[in-house]
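Each structure below appears as structure tokens.
One chain, subunit A, appears in both complexes that follow, with subunit B as partner in the first and subunit C in the second.
Let's look at the complex of A and B:
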């Protein structure tokens, strides 16, 4: 598997300055090793902390059940599915899997058109505001959404993307990304479905790194 | 972006007409439509090879019809 590595910058919140990072168009053994060896134990500790603080289970991070190794293995070699990852300071900071084939747009003005559907996207636990205060690196979600938009444009889908959001991320997709909220989807565990039009994609790209 | 290779494709008039119609309907180039078709074909083949079945479901009646893959 040939991986293309693109230079990017993340915001290091501890040092209050940008830090050089990389966007990879793939998920490799290195990412899966980071996930198993660093993310999972960290997420376990964070869940334990929430439990001990009496936080209700429904407020725990829902991605705690995700197994990136199984997901990646299941999609290995499939043209319809692509993986992305962000590496900074030698560590995987975020991962995403998208589907370019099976889903169609739902917004009336673009109903039935092709889009890039974000199947899974996750930040490392230490970058998640609900688990770490302050998060170590900021900007990971935005960079991955931009990567999905760029892929959509490359595929001639004009920047159209869609996803089902976990409750913790609803505000990010609605307010930071400016995606349309099509409400809860009973066919998808009642998660809210968000979709981006070409105009919204352009506006999000033009906004750059502003919150 | 991954490197791409060029190939020549020989299609009948009928096949070309369908390809043109799909391009028009989906607002995609011929290359993009054929790439989509290849991905979908690979995905279906892979699921069928694992023993899965492919169905179409009528949204209103919920009636299912199996697509026989030979």
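Let's look at the complex of A and C:
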């Protein structure tokens, strides 16, 4: 698998300064290794901390029907899919898996048209606000959405993308990304479905160009 | 595909994004660590035996009671009892991590021995079976047990 690397920057909140990073157009064994070897143990530590701090279990970041092994298998199965990852300081900081063939648009004005469907987006535990105080790197979500738009444009889908957001990320996709909220989807464990039109994609990119 | 994104764009969006959560897709749901037992894997019976023996012998070799090991590793004592005494018990992932850290052996190897990940290293599994066969769970660590334990730890400690 040939990976093309695009230079990007993240904001290192610990040092309060920009840090050079890389956007890879793929998920490789390195990402899986980082996930298994670094992300999962960090997640454990964070959960232990919450436990010790007496945080009620319902506020822990675990979710419903996953167990660890099923998730590992799912991620391994995604190696063949299109995806992007962000690498900074030698470590995977964020991952995204996309699909360009199986899903179609749901918004009325573009219903039935092709889109880039984002199957999966995840930030490293140390970049997640509910797990790390303060999170280390900022900007990962925006760059991954930008990558999904770029792929959509390359596929001649004009920037149309769609995804099911985790509840705690609804605000990011609605407000920061400006995507349309189509409500809870009973076929996806009631996660809310968000979709971006070409105009919204343009507006999102323009947002980052404004001072 | 190469994507051109300016430094200014990255930093402006990082500022707007701030500390937002970004998880999306069913695969982004966090795994459940507690309360949910791992599905049994019929093919990993021998390594599970080895895992229980390994924990017991490492504990005894250090002269630790179950209570002390439970305290030091922050693992429920009931789970340690099950690990040592019930070869069918599938340990919690977190427990294996804690024990690997405590006994200073690579996590990924101990996960294989515990039967929580698919065996990737046949030699490690062969050694685990051999170790299980050679080690007896009696009160005092015999020189033979110690030798078996040391030989297994040496294999277990090999980083890939």
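Here, the second predicted complex is superposed on the first by the 178 of 211 C-alpha atoms of A that agree within 3 Å, B and C clash if a C-alpha of one lies under 4 Å from a C-alpha of the other, contacts with A are read in each partner's own complex, and residues count from 1 in each chain.
As a convention for this text, contacts are C-beta pairs under 8 Å (C-beta built on N, C-alpha and C of every residue); 3 or more make two chains touch, one makes a residue touch a chain.
Everything quoted here is computed from the prediction, not taken from an experiment.
Of the two partner chains, subunit B and subunit C are each touched by A:154. When the two structures are aligned on the shared chain, A:86 is found in touch with neither subunit B nor subunit C.
When the two complexes are overlaid on their common chain A, residue A:134 makes contact with subunit C while staying clear of subunit B. Legend: residue contacts after superposition of the two complexes on their common chain; A:115 is shown touching neither subunit B nor subunit C.
More residues of subunit A lie in touch with C than with the remaining chain of the pair subunit B and subunit C.
Of the two partner chains, subunit C is the only one that A:36 touches; subunit B does not reach it. In the superposition on chain A, contact of A:123 is made with subunit C only, not with subunit B. Looking at the shared chain after the overlay, A:4 reaches both subunit B and subunit C. Contact with both subunit B and subunit C is seen for A:78 once the two complexes are overlaid on the shared chain. Residues 4, 78, 154 of subunit A lie in contact with subunit B in one complex and with subunit C in the other. Chain contact summary for the complex, subunit A toward subunit C: residues 4-6, 8-11, 13, 18, 23, 25, 36-37, 40-41, 43-44, 47-48, 61-72, 74-75, 78, 94, 97, 118-123, 128-130, 134-135, 138-144, 146-147, 150-151, 154, 163-166, 168-169, 171-173, 176, 188-189, 191, 205, 207-211.
On subunit A, the positions that touch subunit B within their shared complex are 2, 4, 78-80, 100-102, 113-114, 154-156. Of all residues in subunit C, only 1-5, 7-34, 36, 38-39, 74, 93-94, 97, 107-108, 116-117 touch subunit A in the complex they form. Across the interface of their complex, subunit A is touched by residues 1-2, 26-29, 32, 35-36, 38-40, 42-43, 46 of subunit B.
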